[in-house]
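The structures come next, written out as structure tokens.
Two complexes, one shared chain (chain A), two partners (chain B, chain C).
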Partner chain A sequence: MTTKALGAVVAAMAVLVGGLAAQAQGPIRIGASLSLTGTYAKLGRNQHEGYKLCEKDLNATGGLLGRKVEFVVYDDQSTPATAVRLYEKLITEDMVDGVMGPYSSPVTEASANVTEKYKKVMVAPLAATTSIFKRPPDKKRYYVFMVISPAEAYLEGLIDMAAKRGLKTVAVVNEDTLFSKAAAAGAVDIAKKKGMQVVFQEAYPKGNTDFAALLTKVKSLNPDIVAAATYFDDAVALTRQMRELDVSPKAYGVTVGGDLPEFYDTLKANAEYVYGATQWEHVLPYPGNHEFFGAYKKEFGHEPSYHSAAGYAGCLIYAEAVKRAGTLDADRVREQLLKLEMRTVFGDYKVDQDGFQVAHRMVTFQWQEGKKVVVWPDEMAPAKPRFPTPPWNQR
Partner chain B sequence: MIRRGAALAALAAVVAGLAAYPGYASGYGVRATLQIFMWIVLAGSWNLISGLTGYVSFGHVAFFGAGAYTGAILVAKVGWPWLPAALAGGVAAVLLALVIGYPCLRLKGPYFAIALLGLNEVLRALVSYFEGLTGGGNGLSLPTLDATIPIYYAMGASAASVTLLTYVIITSRFGLRLMTIREDEVAAEAMGIDTARHKLYAFLLSAAGPGIVGALTARDQGYIEPISVFPLATTITMIVMVLLGGKGTVWGPVLGAVVLFVAQEVVWARYPYVHPLLFGAIIVAVVLLMPRGVLGLLQSRYRLPRTI
Partner chain C sequence: MNVFVTPAMLAQVVVSGILSGALYAMVALGLALIFGVMRIINVAHGPLLMLGAYTTYFLYSALGLNPYLTVPVSMLALFAVGVLLERTLVFRVVDAPELSSLLLTFGISIALVNLAQLLFTSDLRSVEYLTGSWVVGPVALSKPRLVAFVFAGALTGLAFLFLRRTKLGKAIRATSQSREVAMVCGIDVQRIHLITFGLAAALAAAGGALIAMIVAIQPEMGQTWTFKSFLVIVLGGAGNYPGALLGGILLGLIEQVASLFLTTQLSEVVAYVLLVVVLLVRPTGLLGGRET
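Moving on to the complex of A and B:
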């Protein structure tokens, strides 16, 4: 019985797929595999919506090279193995005209092997890991391009602000995964450059939510700054347990997760004074940013995250390079992407010869009375940080 | 005999077709078929221990991951070619099975299932810990190499080997003893079967395949990380494939792997939000409506041979 039903669905799908293929000559088709389900679903869906809005906006302004633009998107369930197969499908079966990147560093790392093999340009808007782009000469990649700032830059703002205010000692903690490790290493580097002393560094496994042992050690060292390379769940648990154990540094910041509205909703007053880093905020004065925020909210019924904005901007960057090249030819689009300098709703784009992002800036914010207030870098900051962070019982 | 001859001829035609397939297929066709082969090996291997002896392994992906890391380290750090590295992956998985299986399979009951579930988590933690060798949470990136077609043949050969091995076991005295253990372990012991030793042999055989295809997959993808090669979901998928096709049969795992994989490619990639629901529905439907799988159902209805 189930097999029959399954057969019917399969047949229906075959008709649908065939129908799509028949009208494929017209538009420029851009393929992408995205994490619509699985571990990264929440973030991958936002990126998908960024692509969709870009598709709509491009078509509203006459499309690309006089043709309409159409995205072909599959779900990779947040796994690299599936994404690899799907890019192979997009390129060799669906014969898409171009591709855009998937969500997350690990998935991009695996997929880039396929896009390189077929010499397809891939703008990868949500891969923040340096090692995807900076590779030894025998493993060099030619067609993959970075949009967001590298992981190493996430904690730069926190350390820089603290250094300017005379703080001396830093404790760095991080989750033990590709991105968080790089973010922590970046923080250590910057702190050392600024002449600060890294008094503590420790990694905890993915999914860890009990920080009692780690925080007891931190407390005994009493550092001026605690810099944590986190995702969402660990950022919340860490903050809560810092209060319980009364670990009270003069500045405390997290990376991913601290920028989500849920962070404040969960922690309430305990989130006050916490610093966070983000690739993008809707209040930043980039051209068209305000309009993007409004249009996105209207289209999808919720606010965009930086994943949405990066997806949207990455798609526009690819489109701009195609426009300038006047063709979809990979080598000529690559040439344009290498010399392109562009300012989008997401900020600046410019890459070096490895396709590595060098222009985009991250911002650091602080939770102040329930709002994310951008406090770094100075030229983009509408307000000053509330410094130093008072002891827990005075917040 | 004529029916048997026709079946063999059909089988030969399928094998010949698959062997010639990379000559005219697209890159995607080759890679998708390669992954079907991988699932046939995983499902077939799980069937060897759990389908035949009834000892359910909830951690079979541990052998896949162990093979993947062994192969990847040998290729990336020692510079081995991928084929011997894949065989080494199989050897590593068998050694691991020996270490875990020897104590666990001497016990009866659910201890084995629980131990295997733990094994997978322990391995993942170990791989994350020994950063110098494995890259830890950063994962391990292999040198670029386009060997999809040779790996396709290696995967195909593995799938054929596992299926052939299953056939040989099921038609042998060894297989009969395993099935006796499944039906009634106390009775098997009373009949003089050394149950611990038989279970261990079946378990060792079931670890080799996942180890080999783990290493092949690592080579083909060029990048592995702890989360991507030790997911519990992979074990669950291989179990569902075997249950769907028919556990304890030769062709059940093959059938289950092909049907589930194709369904996933055709339907689920297009409807991402409903596919977890569909997956769950299939599990429930199989367990309720045909607990012995498609082949089990056919066997009881049409008096097909036990060795199908």
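Moving on to the complex of A and C:
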């Protein structure tokens, strides 16, 4: 054997060993499919930015298990079918070390089938539909975890505040889609529990913008509260037409859409006194929330939405569970996620045995002079609601 | 739920139904014109309406124009768009099998919606100009809807006058009755097609402009209006212009009254069941087919 050949062998071994060492210290790759284009693009992108900021913060504090963290993100164009394909690809082709959830309930519902099949833990920060987590025993999901409050909790604040102020009758209206139906059902439940009377309940089809007949019926019953489980355009149309038909309940609240700045920009003074519900606000006194808000604005040039905060927090929750487990092994991370009680910038995290969120609180705000002012729950509310809502003709 | 319907409530929804019905009628008249004259089912009618709505929105928000003054501007702009579309694309399918025109206008519709999404984004926008209502006895008249009703009524009236009284209008009706005979009589059928398409787009644009002042607009708002316009012209009789007026008011009333007695969800069912019934029992529409 010549020295030359020996040299070659040594060189080859060096490359091999070096390669192995690099492998051991290579980044932890976390895969996710997100709605970067399509209907949910705006919200999906905010969630993506939450993930990116979490990646940055984790790496700045030494990474995870001594390794760097790296997100592998694909665009599902807001369609569940594409997301299913992408999670298959992430898990089987890209061989990612872990996954995080996509945007929205329908996409999560579809994707969870894939992650369950491959026994991958998926913290799903933007899925609010109870039925994704609460399932019959033979169809139970073991590896999917909820972060935000369920749809049923959206109108709780409105009803609770109204009940405390002695209001008795409620009208509930909702768009006839998965989320809104659940939110409306939740409102009816809570109202009944508080001994209130639900005098009217009606669903309207998606895309409906003419509420004249529906509101005529509501007006004839003169309820104390109108609770509307809405998205954005229906929330706007409903509010406008309530003014037009002079429907003046003592409290009126909507669900999604009411928290967007566009809600006020569109309705201007007519948005005053309207209650809305949100998963998160940057003014809430959660640890690190203020810093998160600043860092996010600096990094991405715009304010975070609750989707950003939930994405950021979901990623930190997963990282915390991995840290405690000391491994990426799905079953051991799952154990930790089931036990974990954590307070993040997004609020509290704690799940039951189905991975269903039980600790996170929704907050209710009211539009007051063009600002969203948090008015419920009392312990987090810096201000009182302006109650009761004056009739339209006295504003 | 047990809601006791009082006469006052009924009056309220009948008024609301007539107010929105006039808008339906005006928009559907455009679709009826194109179908009558060119035998084309224009699926892109709703997206043209959407472009009209955005024209008004931008004129209002960027230039600060009074939104009601922008209605004629939107109409002119969309007249031009209609003419352009006809000259470049639609004229190719006038004598082709019906499927070709369906496919073409469907393609135009998708292109317009996606173009709007690219240019204007999917954010909702609205022209918050006139809000609230006038109360007359037990009935609240929504201000923007009442003004829209007046505009729609006036524009539809003008369109009818134009069709009845002017030489060009008569030429349009002649072409609609028989293209060959019209041609023999020396009518430039190509030109009539061009003007008809432009006119229809302008009527849609007027609808869009008025709707922008009533509800928030977004690029996909048009499709519903395509469907509603179809419903209106089938109810009234395809190609029968006064039929569009009747069909529009009828649809407005059905939607509102059904919502009152049943639910908002079922009102759509009622409207479309009626469509099926009309097609089965009186396929030429309530006022009969192409009588112009």
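Basically, the second predicted complex is superposed on the first by the 370 of 395 C-alpha atoms of A that agree within 3 Å, B and C clash if a C-alpha of one lies under 4 Å from a C-alpha of the other, contacts with A are read in each partner's own complex, and residues count from 1 in each chain.
We take it that a contact is a pair of C-beta atoms (placed from the backbone, for glycine too) under 8 Å apart; a residue touches a chain by one contact, two chains touch by 3 or more.
Since the model is a prediction, treat every value here as computed from it, not as a measurement.
When both complexes are overlaid on chain A, the residue A:P205 reaches chain B and chain C alike. In the superposed pair of complexes, A:A383 makes contact with neither chain B nor chain C. Applying the stated contact rule after C-alpha superposition, one finds that A:T79 touches chain B and leaves chain C untouched.
Of the two partner chains placed by the overlay, neither chain B nor chain C lies in contact with A:V358. Contacts of A:K139 after superposition on the shared chain: chain B is touched, whereas chain C is not. After overlaying the two complexes on the shared chain, residue contacts for A:S131 are found with chain B alone; chain C is out of touch.
By the touch criterion defined above, A:D176 lies against chain B and chain C together after alignment on the C-alpha atoms of chain A.
Shared interface residues of chain A, touching chain B in one complex and chain C in the other, are 39, 176, 203, 205.
Residues 26-29, 31-32, 35, 125, 128, 136-139, 141, 143-144, 146, 217, 221-223, 225, 227-228, 231, 259, 262-263, 266-270, 272-273, 275-276, 281-282, 285-286, 289, 294 of chain B touch chain A in their complex. By the touch criterion stated above, chain C contacts chain A in their complex at residues 1, 3-6, 9, 12-13, 16, 20, 122-126, 128, 131-133, 135, 140, 142-143, 145, 214-216, 218, 224, 255-260, 263-265, 267-268. Residues of chain A that touch chain B in their complex: 1-3, 6, 9-10, 13-14, 16-17, 36-37, 39, 74-75, 77, 79-81, 84-86, 88-89, 91-93, 106, 109-110, 113, 116-118, 131, 138-139, 175-178, 180-181, 203, 205-206. The touching residues of chain A, when paired with chain C in their complex, are 39, 41-42, 176, 199-205, 207-214, 216-217, 220-221, 232-233, 236-237, 240-241, 243-246, 262, 266-268, 270, 392.
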